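Input: structures, listed below.
One chain, chain A, appears in both complexes that follow, with chain B as partner in the first and chain C in the second.
The block that comes next holds the complex of A and B.
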């Protein structure tokens, strides 16, 4: 003979006792089943309920049958759900399964359950009775709460990481740009990711007399490793700038430090523009050294824009003897210069097209007269427009000489 | 967005190694290329050909992988050729001043036959 998996005794024990086991009557099975049974009239009035469910509810049969309806057994939220969803859907479909609700016990406690219901109809097809099976869902609810707790925990952790990344980023950038006499300066940093420290950096600081030093660059890679390199670059440049008045000399110094620091390990280098600027009559003269960086945009008072190419300058830290190229630019009243990192000019504008330096130059021509803050605002609008195309961090630094009109005002 | 399409494969050839890159080279994909480069062994007189025909884009972190490849080849006294370099990458190489560091070849076949002619 065979027996189903539901038979409790092992195969060998079944035999003569079987008829006795089958005395497990239908009534007993109904009353003491491991789930609740409930029969209600179409209006919800309870006409039959098993002992299991009564035990869960902590109520007596007489107090329930004919006196209460299914919604009376639910919490307030459950009652609303019953009226707005459960009952109408059941009426429409004739059956409903796996609805999660909460019972309210006589003691006032909540008891999470899953309800499955079917409608039986009379000969004319009119609904006669609703049979509902009630499953205990306390374990499932505990599991769901555990999942929610884990999710909250993960979200808190992510917030913490983002805060840490932001704080670390701030230590790599000047908190506010200093006031430079006779100049307007503005900067902006656009992080591509909230939880990764980017590899972009810039700074502006006083040198001897009325000369100011500044730099802007981009480290290969991202994350905590890039942050270590960025920190080293920033302090090396500021240190070298103090005693070496030649911008190319400052970059050579940085090259030596970076090359020696990371030689033989994961190669780390940066592209950078380093310069100094000093007042010159009614304008300013800027000396700019390039180490493989994207060309600065020079914006003239009349609205024309051009790229300041420093061709031949090599990236910093990759080669023992790198070559750097220097140019001098005079900024007249109303002129401005923009330094930027390649997050902007490598923004994707199509499957096979990227925003280029020339696009940026063309976009910025026509600002007359260009001011440092006006240029940063214009690029900001551009970044918003490029949106998700900007996959890398972007740093911007702009300097301008006030126009004669605004200078007089 | 480009990450899942990225792959690097190595082929040993008689005169050296061909490293084929497929997909964009950026801060997220370049470490995979660097790792592959770390596993390449070259002997004196061989050539490392980096096949870029399956690539369209490279940023400064991709350049770091090229420099690593170049350093590896230099240490082994082997040559290095970038083959089928797309315009955008040529432009970036020029921008960072490294175009003079590499031999540029129109295709892998050209690179390998030029190397044979040069060493033979």
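The block that comes next holds the complex of A and C.
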């Protein structure tokens, strides 16, 4: 029977008319159901099919029943999926639901469907027939394809962003550290995120004669804004280092540049250690200036370690006139120094606990004799151990004087 | 992780019998053998495992690079044999694992007593006069079918499925888990399976070989089984009166019978 919405009986009216409304023909219910029905032998041969499914396929009953099997109705790719996933699962489980495949109509068109199947067995439990319900999934599939496309697009975009961040990061760090005569040097950069450019930086470069300059620091914030500041800092420090032999003077110059560049707009500042080092007898003398940065760790040949505090040094770029503190350290044969950023010393070790500068000092004491690469390796292991606790980027720079036994590098 | 954990190795059956190593094919995992294991276990020491990326293997051991060629899988088979010190092994490879078995046996023939290639195909894609049964476009279509069906694959559910296959209360979610694979891994495996060409490796087989095919198999048609039989010198060919690509499920008695006759015969 056909009826428009207006002809539907109201709630209270169902009663005497009910038998007339109910579909009395099971055949009609089967044949003209709003989904496809299909019965197959265990080997896939179709033995019964309803009119709805025949209409979707554009085929005559006689051409299908006893002549075709379920996989024959599918696209070739779908057939492989049927043989390698659908059939074995159905055999093992006795039922299977919601498998997305495509029918191939007589006219060659593809018709996306969802298949749900159950196996009926005879008295001895042997599979007798497979009943399959076929749902029209054209709209759904179009929507899913949109989702897949969007996901693929998002993945491509993410790759691009990571590549960009990596490339940008590389321009902010020296590709390889130069060889410093009479010293061993090593550095490491641990990015906390693949998507963002970090705000940590370091560099090592020759100055006049046998003197070398180096720095390591941390810019406030991260991402592309931090990258702009890092770039400015790196070139300013390298420029200032050439004409000002006083490390505190180099930092004062950087302070002026940063303060003026970002005054009034979006304040940008950094913490930094800047130093110069030159050979001194069988060791080296280092002059280190600090602007609000975490203390370096000085490691002695005998395995003792201490923090080199430069108390009173202020953030660079925050105030028009900043104060910087300078210390001089002599490295004897077998001694080393480690500069690092606070990604390491602010790593979370518990709900309310963080890895401290003192923890780091204690961890590194006992390396005898310490070498630059040995120190970096030790800290690297530490970073791996802290795992997800390391929430910020971490930059490391270590310098060491080879011990007398190992000779000069 | 040791090999037992990495490949979810299960050893069962008659400890005194010859070793029969069963390698599952594309799509599912070692559960596909379960209807024939009881019969084999009476006579043989049966070793089952999941390929890395399938079933309950250690997914972290998977890499696209290693598993983009069947050599990576053949490596794994040899690895299992070495680590468990399996000797005179009868290696049974189903579907894509038939070619993995050929590669493994060609690398270390002294390790294997016999090979059973169950519904093998050395090359699924047609090439000149060779009829594999499929075109490149068909393979792309399969990848689409895989993609559509893994929309329901949830990264959140995956650990539950991997870790609790024996908890019946999770039954509903665990349905289909035998054939559940991380979509990224499934894609690479599908490409590796259907785009590999191992025809040239067949003539190099020196281990006694049995080829078992089904009378009707849409994935590995009879002419392909015949091709494998012709190329592997001295091989035997058994055609089961069965339909489909997985005779160990659709005709378990006949499949087990063919394996037993070959392993214990002669």
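Following the convention adopted for this analysis, the second predicted complex is superposed on the first by the 291 of 409 C-alpha atoms of A that agree within 3 Å, B and C clash if a C-alpha of one lies under 4 Å from a C-alpha of the other, contacts with A are read in each partner's own complex, and residues count from 1 in each chain.
The definition used in the following text is that contacts are C-beta pairs under 8 Å (C-beta built on N, C-alpha and C of every residue); 3 or more make two chains touch, one makes a residue touch a chain.
This is a predicted model, so every value here is computed, not measured.
Of the two partner chains, chain C is the only one that A:78 touches; chain B does not reach it.
When the two structures are aligned on the shared chain, A:292 is found in touch with chain B, with no touch to chain C. When the two complexes are overlaid on their common chain A, residue A:179 makes contact with neither chain B nor chain C.
Legend: residue contacts after superposition of the two complexes on their common chain; A:311 is shown touching chain B, with no touch to chain C. Residue contacts after overlaying the shared chain place A:44 against chain C, while chain B stays out of touching range.
When the two complexes are overlaid on their common chain A, residue A:220 makes contact with chain B while staying clear of chain C. Once the two complexes are overlaid on the shared chain, A:62 sits clear of chain B and of chain C alike. In the three-chain superposition model, chain A touches chain B and chain C at no common residue. By the touch rule above, chain C contacts chain A in their complex via residues 25-28, 31-32, 34, 95, 134-135, 138-149, 151-152, 175-176, 178-179, 194, 216-219, 243-246, 249-250.
By the touch rule above, chain A contacts chain C in their complex via residues 42-44, 71, 75-81, 83-85, 87-89, 91-93, 96-102, 112, 141, 144, 147-148.
Residue ranges on chain B touching chain A, taken from their complex, read 1, 26-27, 30-31, 34, 56-57, 59-61, 63-64, 67-68, 71, 88, 94-98, 101. Within the complex formed with chain B, the chain A residues making contact are 199, 218, 220-222, 266-269, 271, 291-294, 311-315, 318-319, 322-323, 342, 346, 352, 354, 391-392.
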